[in-house]
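So that you can tell them apart, the chains are marked A, B and C in the order they are listed, and the count of residues begins at 1 in each.
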Amino acid sequence: MVDSLTNFLKVKNNRRFRLPGFGLSTGITLTYLSVLVLIPLVALVVTASTITRHELVTILTNPRVIAAFKVTFSTAIVAAVINGIFGTLVAWVHARYSYPGKRLLDALIDLPFALPTAVAGIALTALFASNGWVGQFLVPLGINLNYSWWGITIALVFVGMPFVIRTVEPVLDDFDKELEEAARTLGATPWQTFVKVIFPLLLPAVLTGTTLAFARCLGEYGSVVFISGNMPMKTEIVPLLIITKLEQYDYVGATVIATTMLVLSFGLLLIVNLIQWIQRRRLGMES
Amino acid sequence: MIRRLLIAITVLFLTVFLILPIVVVIVSAFAQGMATYWAAITEPEALDALQLTLTAAGVAVICNTIFGLAAAWMITNYAFRGKNLLITLIDLPFTVSPVISGLIFVLLFGGRSGIGRWLIDHGFKIIFATPGIILATCFVTFPFVARELIPLMQSQGNQEEEAAYMLGANGWQLFWRVTVPKIKWGILYGVVLAAGRAVGEFGAVSVVSGHIRGVTNTLPLHIEILYNEYQFSAAFAVATILLVFAIVTLVLKRYLEYRIERKVTPS
Amino acid sequence: MSIEIKGVSKQFGAFEALKDLSLTVPTGQFVALLGPSGSGKTTLLRLISGLDTADSGVIYFNGQDIQDQSVRERGVGFVFQHYALFRHMSVFENIAFGLRVKPKANRLPEEKIKEKVMKLLQLVQLDWLADRFPAQLSGGQRQRVALARALAVEPKVLLLDEPFGALDSNIRKELRQWLRNLHDSLGITSIFVTHDVDEAMEVADRIVVMRDGKIEQQGTPEEVYHQPANAFVYRFIGNVNLFHGRVEDHEARFGTVENGVQTDAVRAYIRPTSMKIHLSPDETTSRPFGATVKRLRNHGLNVRVELTSEWGEVFEVAVDPKVVDLNRLTPGLQVYVSVEEDKVYYEDFSI
């Protein structure tokens, strides 16, 4: 079996030798990968393919479904953009300036990454709901974040925060000081230097981080369900819709929506990666 | 000065989004006094949830670590076609949203599918039972260890292993005496990340569990139930357990990063 | 524009990079700051540009104290060792950068900018590369673009920090001639930092030899080569032989000592090019000393003959193969070596 596997994978038989463990490592890897990842995903695809076109259209044109997609994608984009802007700002401040407590805050930036989404969900609700610590100040201003689109977005800002910051920070740390010095000797003001020299070179990292944040926000469930109120047509997100359908044993509906979501997310990510690839080719024609 | 303004905005932003959530959890947990807090976290259902969470996380981390080691070994030491495809497939669970991650297991093992019916007839309950939760947790944390080890081992190369082999070491000796010492910090780092995620997983487990109190609730699900029943202090009390876990994860992560001396971009 | 540096000092932590240094550069001169790493030459350059500030001392541009002027205000052109080109901009945009960031009041209209940039590109002979990006250029081309970029804003002084340090040696030689010609046609005051002696000698009007934050000597290349102010300069400017001797009767003596004791009271530095090999002592009028040929070594244009003196010191003599028949200089052969006395540098410790 190892031999046929070897042939299938066209393992190169170097004139040297092969380290032992090929059979075992390949066996574990492929088996585990298939059972845990491939087969379940295939199950999704298979189930999806049993759905008739008629069913598909009916489900996807349902107003509630469309509304859920709109909510999910719009909140994710806006949250990602907010993270893009503020994340770059935080990365800049942390790379260039120091202030008391910076190390603590810097370490905490990974919190959204480590904190269980359910805990984040109830904490953010407690903070931003109309009787929350922050929310109470916003109510007199007319901003009520309970059960609102903005509530979802704020929660997603929390979720996506580390992505932009951690992607941009290293680029800033490694930034070639001589480029800024050259710009100064050529007469540029600090602002001009930032806009014309620094930012264009940061942009790929900012875009990558924003994309990562966007991808994460699309699928987010736990952090959002508490503050959103889950009102159909208004603040219902796609993941919740899928769960609702499952609880109603509407497997077909759940599968259709899930598959559509996957296809849309993959598609979007592919487009963004393409854009980045083009950008990098322009910049990175370096050897 | 612009500098002060930028720092001020940064501090405000980070404080509101990072410090305040932590504080609000702690304060709300103790809002009704120490007794309520203690009762909430020692309640049998909470303890059951804790046990289930730890079990699922433990199994997931162990399985995924074994997988990560096997995959990294395979990718580093052998040349074969489809290597890039394999690496992409390993990343796949990252790109799937948690709820969908749970959904696929429901489709595969749930009552509607052939496999599911066979299993139920023979008395195996996967969905709405512990095995399902473990599976979903494994899926969601699948790439963590592998993603750490693959680039690490690739950059370290396999010359030491080859040298040891030529000196007569067999496969296991190679692995334990040569490879593992090299990558031990990478393994720990991946384990910490995977454990953090496994304990906190909510969406996927929510789908798969059926929310049966005392039986198929993990801690995050238990929190959700308490919250929906307006037992806010209890919910936050249980949440503090997870909060402590998260902070420990963060501290370990930082420490390990320092040991490995590199910055890791999140995924 | 003339530059005057007076009593300038600069410390980085505990390290004193510059110690009370003074220097004058008249308008239009091409000055080389020459010295080993750590001598402070780049620090000095950066202080002139404003990229760093001195701890003490004053710097004058045309008699005016510029200490309070920012980098932008000083109007210096700076060329970095690793080019510092903006890799997201084309060659054209790099060169135009300085012209485009000028305040609205001073900014030229776009067509004029284009004219200027193209003229500069022609000056550095790269007009055909205007739309390329830095990543597509060779090292030598990148440095020329960097130079054109610095010149675009018509700086009053041009500062170059080891501009050819990152390039291959043959490109280096080409470019240094080219830079010299450029300077001659533009007449701009230029200061350039290098640790390559040949480079400084070939290109500069005046060489400033630096060590440990101080100026050891400044002068024309000939002055520095033929009249070194001290042993360090002598050694640094050209490779030398070192002979140990002692003082006897107020004279420096080299050669075998009867009681076998050699003191280090006097040192003589002699360049390999300042000695000649003779097959018999009568061939020369000066007093030669005896030596044995060890081996021959190729050294580019001439050949280096390694010899052991009759009192046991090893040294080298440069020999022109067109003049001397190398076949006759076999290892082990006893020969006689004469010295051009006026080219010897003595260092006397006993006085």
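As a convention for this text, a contact is a pair of C-beta atoms (placed from the backbone, for glycine too) under 8 Å apart; a residue touches a chain by one contact, two chains touch by 3 or more.
Remember, predicted model here, so these are calculated numbers, not experimental data.
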Chain contact topology under the given definition, line, ring, star, complete or other? line
Which chain's mean C-alpha position is nearest the mean C-alpha position of the whole protein set? A
Selected interface, A-B versus A-C, where C-beta contact pairs are more numerous: A-B
Roughly how far is chain B from chain C, centre to centre by C-alpha average, rounded to an integer in Å? 61
What whole-number Å value describes the gap between the mean CA coordinates of chain A and chain C? 55
For chain A versus chain B, what separation do you get between their C-alpha means, in angstrom? 17
Residues touching two or more other chains, restricted to chain B: which are they? none
Which residues of chain C touch chain A once you look at their complex with the stated criterion? 49, 51, 71-72, 76-78, 80, 82, 84, 86-88, 97-98, 101-102, 133, 135-136, 149-150, 152-153
Quick one: in the complex, what on chain A touches chain C? 176, 178-179, 181-189, 192, 196-197, 200-201, 282-287
Can you tell me which positions in chain A touch chain B when the two form their complex? 9-12, 14, 16-22, 24-26, 28-29, 32-33, 36-41, 43-44, 47, 86, 89-90, 92-94, 97, 99, 101, 105, 107-111, 113-124, 126-127, 132-134, 157-158, 161-163, 166-167, 169-170, 212, 215, 218-222, 226, 239-240, 242-243, 246, 251, 254-255, 258, 261-262, 265-266, 269
In the complex, chain B residues that touch chain A: 3, 6-7, 9-11, 13-22, 24-25, 28, 63, 66-67, 70-71, 73-74, 77-82, 86, 89-90, 92-93, 95-100, 103-108, 110, 112-113, 135, 138-139, 142, 158, 161-162, 165, 170-171, 174-175, 196, 199-203, 206-207, 219-221, 223-224, 227, 232, 235-236, 239, 242-243, 246-247, 249-250, 253-254, 263-267
